[in-house]
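Below: a set of structures, written as structure tokens.
After this come two complexes, each holding chain A, first together with chain B and then together with chain C.
Up next, the complex of A and B:
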């Protein structure tokens, strides 16, 4: 069976999805990046590699997410694409007439507006991570509630509690204040979900026309409290796709399929990459007054890529032959 | 007197030609690096915008090199910039430097007074010296602008990564060294041809994006992590709304702005400070010229541009053109910006494929 691999390396999670030729998900892995993208990708590749049957051949690989360049080098990606495009591709594959995608991840949140299957507008949170998964994580930890149960607890709320939503510091002090007044945990968590949604719609959704079908994806989509709060605020139905947590990876696999069809072969290195030795090494170039921080990416002692220089002296040093360049 | 001034794109080269021609001893601050940024951030008020901080970094680095006089532009009107020179003087004083700080108010049509202010810095000036210096600086400004305009188009199609940029940088240095206006012109025309020769014709009609926004960000590439290069390297031809000559001319002759103000009028009918009115007017102009998309760039906390950002979302609908706004602060992480820029370019490409009439 032919299959395509998609890797999404985000700030918080690293996801891998394997799809077949029809774009159906065969298998997926969801891991915590924990600040070590190389290790996370290798671990994910190892898990997927062990699970798939011998009759599966990987015909293409794609990467996305904030760690996409690094992941692309590790797995040998046929395409390296930003996560906005990847999420949109995955969503239109699952619900072809989708018009709005709400996506909340670990450190960023975005809204993507589509019309007739193409992206017409998008926005991402700027500057501050208020209202993203990391903050929910942190609050769950503070309240000693597993993040997986967060949403269910919110649904038990009976009284509305107002929590400030535009800044996590404000939100946290409001939550503590309400908690000391004696409100129930369920009400406070529900208040937080509503605050997060309010902040999302006012900040990222500002001025956007949110039309159905609406897909809610990203790690936070698992949280039923947030989904319910979105439905209340919008007065519309919000769909959480089955593979909401790995949509970026699915989109990236779909893009890889498209890319391989165009170029005819794959650069995928195989699941052995989980055993190879990858390192990064940084140095300050002293070639001019800019003193760029150059980073080298090394696979088993061989420098695969360099980046970070303004003049391309180091970037080009890898691709000298024929000056062919690999970039998203 | 050892004179210095803040960096702003190629303005440093032009000012150097002018002031050296007037008989000044010029110390050009080192190029803006992370050190400049760190120094600026460390010693500036936290709530100030990035241009002030980079200026402070430039000043400190130039003072370290022995400069003793700083030339800074003042300003009038509701942007904080008008007060930056004063604030910077106080910061430097607190740090124990005691430079002579000359804050020149923009001429706003009173070019004679402006020249008189400047002339006080250079004793023993003759008319002939002034004419020669202005001529050389003017020629440098004209050709550096033309070169940059060409760079932003040709780099989108360079034969290999860095080819056009490196040629541009090489000739920019030659122009910096040149003392002869005729040679400057010859170099300027030559490099445009050389850059052209380093390109390969694009397979498909390239995307064209116009960059609008705050003036310092349009002229100096450092704070936006060189968004112009970033776009070019994705194969996009770029134009920006303000080059140094536009900036200089509109400061000398305020009526130059009238066209832009007229363009902006349906959306914003008064000057609200900074370059908000330019951002609005230019966006309308570029949309009419058939650009595929517009990107607005500005420093985080810039009030005029934030007001403009709000207006742009309405204009995007009215004019049927995608517009993205990006604000920058001292963060040097590129991934977040790259993601947005790439996604924006993808959006424009798909939009073109589908034909915008169907959306």
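Up next, the complex of A and C:
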């Protein structure tokens, strides 16, 4: 069986999805990045590699997410694409007439507006990460509640507690204040979900026409409390797709399929990459006053790529020597 | 020995450098330009500027500090009040020489020529130019010649910009270099809106023009449009926009939308810019209302992470191409 691999390396999670030729998901992995993207990708590749049978051949690989360049080098990607495009591709594949995509990830949140299957507008959070997954994580940790149970607890709430959602620092002090006043944990968590949704709609959803069908994806979509708060705020039905957590990876696999069809062959290195030795090394270039922080990517002692320099002196020093991996 | 005048490569440098250079050259002075914006210039600027100033002003300070150590006799920091009739510039241009003097110590004397064309080019303007000219020469004929040469240079420069060149290409041509524009057929046309000191400073915007080119686009800026086109766009709004560059952005944005000469528009603003916060909203609102040409808004600040800009720009170009196919 032919299959395509998609890797999405985000700030909080690293996801891998495997799809067949019809775009159906064969298998997927959702891992925590924990600040070590290389390790996370290798671990994910190992898990997927062990689970799939011998009769599956990987015909293409794609990467996305903020760690897409790094992941692309590790797996040997045929296409390296931004996460906005990847999410849109995956969503239209699953719900072809989707008109709005709400996506909340670990450190960024975005809204994508589509009409007739075409992206017509999108927005991403700018300077502020208030109301993204990592904040929920942090609060779950503080309250000593597993993040997986967060949403169910919120649904038990009976009274609405208003939490300031503009800024996470203020939200946290507001939560503590309400908790010391004696409100129940369920009410406070529900208040937090509502604050997060309010902030999202004000900040990212500002001026956007949110029409149904609405898809809610990203790691935070697992949180039923947030989904319910979105439905209350919008007065519309919100769909959480089955593979909501790995939509970026699915989109990336779909893009890889398309890229390989055009290209004819794949650069995929195989599941052995989970055993290879990858390192990164940083240095300050002293060539000019910019003092760029250059990063080297090393595979088993060989420098595969360098980046971070403004003049591309270091970047090109590698790409010129027959390495065809291009920055997408 | 020639007198050396330092010109900071920042703010309105992108709009008037050829005129300034010719003016000082004609007066017998040598012009020393600060280096291209780099990390040290930005760091120096941020450290030495009042906290609430916007990024481009901080960058300007960095350029002044860069010139300080280059052995120049004077630094040219004009007090630009107005560059056309009945319109003003942002207040920071008006107070620039004072801000510099108050914040940076031990710098060479500042030439704070006042440029105020609010009432047109009148006797006061002439008198001010003469005052500056007399720093270099007592020969009034020489000053008049320098003035005339500067105006010719400026007209030439603007002609180059109208022909589709960006400031760095136009300046290089005027200094005798050959610039060959790559043919732009088949590329997506991107309207790039923003102050020249934001969209033309390769360092602070992480070379957005090159990124657009790499993603298969070619840029059209307000400078490349005809004045009548900008006038048309600006007149679509009930009230006259009294900031020169704000009006340019607003008018160009509206003209691009109505004429459809571009496939998409990227609007770049500096975090903390007062006028832009208003203009950006006005431009964006009309684009969103019509929903015919996609618009992307990018905010630049001191951060140097390129990933944010690349992600948004790449997704935006994908969006435009997606539209094209169907």
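To be clear about the criterion, the second predicted complex is superposed on the first by the 323 of 328 C-alpha atoms of A that agree within 3 Å, B and C clash if a C-alpha of one lies under 4 Å from a C-alpha of the other, contacts with A are read in each partner's own complex, and residues count from 1 in each chain.
One rule holds for everything that comes next: contacts are C-beta pairs under 8 Å (C-beta built on N, C-alpha and C of every residue); 3 or more make two chains touch, one makes a residue touch a chain.
Note that this is a predicted model, so its numbers are computed, not measured.
Peer 1: Based on the shared chain A superposition, would you classify chain B and chain C as clashing or fitting together?
Peer 2: Verdict on chain A: clash between chain B and chain C.
Peer 1: Can A:276 be said to touch chain B (first), chain C (second), both, or neither?
Peer 2: After superposing on A, A:276 lies clear of both chain B and chain C.
Peer 1: More chain A residues touched by chain B or by chain C?
Peer 2: B
Peer 1: Scan A:311 for contacts with chain B and chain C and give back first, second, both or neither.
Peer 2: first
Peer 1: Quick check for you: in the superposed arrangement, does A:84 touch first (chain B), second (chain C), both or neither?
Peer 2: Both partners, chain B and chain C.
Peer 1: Taking the stated contact definition, name every residue in chain A that is touched by chain B in one complex and by chain C in the other, in rising order.
Peer 2: In chain A, positions 66, 81-85, 116, 118-122, 124, 126-127, 207, 288-291, 310, 327-328 sit in both the chain B and chain C interfaces.
Peer 1: Can you list the residues on chain C that touch chain A in the complex?
Peer 2: For chain C paired with chain A, touching residues are 35, 38-41, 203, 207, 214, 271, 284-285, 288, 291, 294, 299, 301, 307, 310-312, 314-316, 318-319, 322-323, 326.
Peer 1: Write out the stretch or stretches of chain A touching chain C in their complex.
Peer 2: These residues of chain A touch chain C: 66, 81-85, 116-122, 124, 126-127, 207, 288-292, 310, 327-328.
Peer 1: Spell out the part of chain A that touches chain B in their complex, as residue ranges.
Peer 2: Residues of chain A touching chain B: 66, 81-85, 108, 115-116, 118-122, 124, 126-127, 206-207, 288-291, 293, 310-313, 315-316, 319, 323, 325, 327-328.
Peer 1: For chain B, which residues are in contact with chain A within the complex?
Peer 2: Residues 30-31, 33-35, 159-162, 165-166, 169, 226, 233, 300, 313-314, 316, 322, 327, 329, 335-336, 338-340, 342-344, 346-347, 350-351, 353-354, 358-359 of chain B touch chain A in their complex.
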